[in-house]
């Protein structure tokens, strides 16, 4: 029955990353069969394993489909060929058969050598340079007519991630998305990583930035002081947010309210819902958040701490926004590009209480960056886990409690 | 068109409790019309108001229906008649036309005098004593054949609650069920009330007990230490829980895990899911939780604090239970009766992270008792609010963060 | 104690809209007192009521605060004065004391006459024309330097909404946000309104457009066929969506998948997650969705139905987007303006399975437009209700089931 | 460093069930090392695999811990010894070292032979018969003093489940808990299984019963007709529910309401919340649900269909109950036992809109029984999946839509 066959190689940490199991499973589920011609399993945790699998199918079409399906797990076809490419037919358009990236480390074979694809990120194309010595991942909108875009699946290999060395929450196979599991240790692990990264960042170590992407519920629920302290203490180096978080943070400074709720009194302040509008109007009159902080109009809080500590802030606009504040990047493509540009150097991503920012940032992060997604609604961490970020941890918890607990672990007295 | 009419009286805090608006609204929505014959509105907050409303309808049936509908809001028919009653036809069975109670203060007219119904609670019947001088609310299962059960709606009046004097979270018209509102002040108000009640309880003041009804997520999510401290410090006087909370609390003491998750290490302990079974087995061998605490087998935690402080504990069984632990009341009718018996004297109810206990306890509470329902899932606080508890506050927050924040407000150093 | 006082007038449906109760409540909660000098209550549903309230406070500051607080409920100060205005200090900046609108019908007093504010919408300013004969609500970003912007609260009145005549789900006081209430009748009421509006729209009646704002979960969960049928049958006239809904709709047409899940086979298709990328790339190559439909590349589905029926589509970009598709408005301010321009004429708004679009659209809708917010997550309908849209109904239900049930009510055979 | 070692054997479908990966992972995570002495991988889907693993640890204690941890995955120690047992010290108490079962098929070695443990279920003990020829799983409360209870881990093996042959939703590795995945195919797969089981049940095939465990939201949300039709058409053979589902079902028959909401009119009926009380009172007066149906008082609906079709109903009481109805088993231990007794013969379990019943039933089900958990709240399906039921599928969907869609697939015309 098997009239088509091909041998593929799996190499790396294919046992403890479940890769071998998934590949065999995929072959069988798609209707193929296999012969395990060779399995060498690393005897220790650090020794890589290797499997040679003869894949058989009832037609060449089915075989091709199966090979396409197992390739993103790292299965490369044994006959090693260079990758193929085609010229982009127009600005912002890939060739029909473009290879779409995953967020795992990826190599392409060029002139007989395996080359790392730079700036890897999910759902991009791969552009090869003119002399075929380098390759990088490129968003669809950024490709220029005539550039060489990798097509098909030949000569491309994906490297399964090794489980990290640290024995903390990020080294587990399964993300923990449940309100019924203890939070304390996750918070402690996050705090420890954050502390290590601050140390690293001070010493100029690579990949030592902490990125926080957050929504306005941080302010509403009472996490403003803790986050401002974390920024002020040097624990956060990049902030992704929207108009609302910035406006409510400064509203709290100017009026002591958030969405009209008195943060100390704790109840709806009459006409308080206007406060964020008046805040935005005032900052627009001043011209910039930086000027508002430097002139002393805005004294404390998240935005003030960012200005004072030189934290890189990307504020992206949405159709929900009032105003918006000066500094908000209203064009979503430009905002995405600004976020993308801020990713290199990030060693830990905290996605807090914002579905939009959590998913958008998750899309931009390479799989290797440890990521924590915190939301009181379990759907958001689940969605992140669904996208298959290997080292993503989900936490069902309100934003304020999370930030306050992390800050306390790091010495906050609030 | 109006061929039937009747005059009803509304009396009390009918403006600020929205009663007048609701009654007029109900009349119109049901197809009736009204004539406001007299409206005297209290000019200050404490002065009661009074309205006299002529209700008109196109048939006597419709009129009767409208009168039934407005009666629970406190509208009493002007011609004052004694209430009617009928003998219960069998043990545990009310007469067909029995009056079903609300959780608001209620009076029945007996021999020309308005008598308070004792032990008011939602969804019960009213039994009148032999000489027609007293009345009390009785669960269906508790009525005995031949007892006089109030029927119809004549001679029954419901007293609208006055808004409480305190200017805290419980004096607001709308319960706050949202993850996007500040929690800090609710926690602070709850802590302040708790503190006042402890003071009152020490001084023998009535209605000064604090009731906590909670689920096992308190333990899983890390709230055990805080709750144990609250109990140990005299802030909680009655605990409603199930087998699971007690088992996981003592599991934490014996094994340091909850549902197999290491509470300190924070990750799944191999075979840890057995720990709760072994805990239950051990306590069964010892014979009782009290004996386990007194013999020093169980040293710390919620159950230990309850035993040491003489807190009244009602543990109700469910079909989810392993074991169960000695002391668990496996019969749901008996458990409900035990809970009911513990309600008198309660001045604040905290319903934390348990849909079952929150709803069951909510059913037993008179409307006047301030109630906070805390759950990370907004459906639970919403369900409580749906049941119309006037002074119920919903809080979308994880149980551990809530208990830790309350405890911190009260002086906990955890 | 009362050293400051002012008489305010409430006029309209102040009883059945709870306005009177809320105003008295606000006065008391803020520490003022009142004297009800006159209360004339309409004796029927359609007759307006009137109240004259003497508000007293211990300071002129407190009095001013109370008056500010009751004004949005429709309380106007008796001494009728013209509204005040000030010139906008710069493009996109209001004067400091600008009046921020609610979404209720609003009038300003100009040269002794009460003038309706056009294009009313929440959280805007009011610009008065040069000869002070007209006023319209204007977003902050749209105001031009020197335009006359209404300030303070004098000479402004808000008209409480009358409860609608129809006895359907939109005429109730409370939005229904619960998974535990029957959905059938809400679906039936929505269908009936939709049917009436189609009839009206065909006959050129004003305010007869149906707006649907939706997210990609419509496609993922299986609601595509039903929505396409609704559009194709003339039941939907305006569609607000994002890149994802459009991309997944066309992915379903080209590949039979949504986010890589086979919609018929129902399971993850190998490499299916690429399909939306390839779909976007293909439409970019063609140049527009319209061209893709007209050339026959896209044959069926939501976008095809929109093109064929001339439905107005506003696609707003976000930072989550791949591509994006041609036609997506990537600038959020421009997208908001396009949505705003599409609101006039809308008589029913269906906000389905998209927090972002639901909130953004909710912000733009005047209070009088009946609105249904459908989401499987109760937080979204609750958030909409929180914003105080009077006629907003929340439905906790998955998007596909909702759309399929509405379509079946209207004759769909799917 | 490794001063202790032991060889363990894994046998069966250890690749496609991910068993080998999990075992190696566990060894490493706990600080051990391994040597894969032999790996024979089945070359086809049906051929079992076999691995021989030398486990090494730095102490005998650690080694013992690791062996305990890998044993539930099916790793048996090579030197095959009989299992050990100890006499139960008292009624309802296991020996300290009792072996706690998983829900996977399990064998114990008795007199040199591997014997299947009967009635396997999670979290029980294993009792060996007097002549050591048979073993069965026994709840803690059921053990009698002196019975031989298996202890330790020697001579016990767990058989990994093979993936099912059918290529439907139950044969996938990952449960699908997301509102953003297509539901249509899951519903179709469930309907197909249900149909096959009805066929099997008619022909007397073993394991062909369909069990539905459901909550009252089925009635509230509008799924009553569909479920009654499914029962009446012979698709459901066992029903687990509580007092509320039965009461609201019969309330709908007697009053046309559910929790006071008119199911057809669709809005709150004045005093409708009493209807369930009156319903319960009426059935109590009649004496039983069966008598109410047979006498024609209850004509249609779920309970009527159950009586007419002879469906086995287990109604378990809770502390939330009013009444309760006659037939409700108020003792939770007795109710659990009744549920347990109804499990044998079940071939498909549908857990719909009830956290309590879903978790309680999930606890009783052997891992091999396909299970679907449907809830609008993602936490419930997630919790079920957390408990590791291999073939459990989670569906985030409202109960009514699920039941109506399943019924339509099977021919319902509602």
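We call the chains A, B, C and D, going by the order they appear; numbering starts again at 1 in every chain.
Criterion: a residue touches a chain if its C-beta (ideal position, glycine included) is under 8 Å from a C-beta of that chain, and two chains touch if they have at least 3 such contacts.
Model, not experiment: these values are computed from the prediction.
**Student:** Please identify which chain has its centre, taken as the mean of its CA atoms, farthest from the centre of chain C.
**Tutor:** Computed centres place D farthest from chain C.
**Student:** Counting C-beta pairs in contact, which comes out ahead: A-D or C-D?
**Tutor:** Looking at contacts between chains, C-D has the larger number.
**Student:** Would you mind working out whether chain B and chain D touch using mostly the same residue numbers, over half shared, or mostly different ones?
**Tutor:** Same residues, largely: of all residue numbers at this interface, over half are found in both copies.
**Student:** Taking each chain's centre as the mean of its CA atoms, how far is chain C from chain D in angstrom?
**Tutor:** That pair's centroid distance is 45 Å.
**Student:** For chain B and chain D, let me know how many angstrom lie between their CA-based centres, rounded off.
**Tutor:** So the centroids are 33 Å from each other.
**Student:** Nearest whole angstrom, what separates the Cα centre of chain A from the Cα centre of chain D?
**Tutor:** 37
**Student:** Counting only residues that touch at least two other chains, what does the list for chain D look like?
**Tutor:** 179-180, 377, 379
**Student:** So in the complex, which bits of chain A are touching chain D?
**Tutor:** Against chain D, chain A makes touches at 15-16, 18, 20-21, 24-25, 28-29, 33-36, 39, 41, 43-45, 167, 173, 177-180, 378-379, 382-383, 386.
**Student:** Quick check: in the complex, which residue numbers of chain C touch chain D?
**Tutor:** Per the stated touch rule, the residues are 169, 172, 179-186, 188-189, 216-217, 220-222, 258-259, 261-267, 376-377, 396-398, 400-401, 405.
**Student:** Could you list, by residue number, the parts of chain B that touch chain D in their complex?
**Tutor:** Touching chain D: residues 26, 30, 65-66, 68-69, 72, 89-90, 92-94, 96, 98, 100, 123, 140-141, 270-271, 273-274, 277-278, 280-282, 284-285, 316-324, 330-336, 339, 355-357, 359-360, 363, 377, 379 of chain B.
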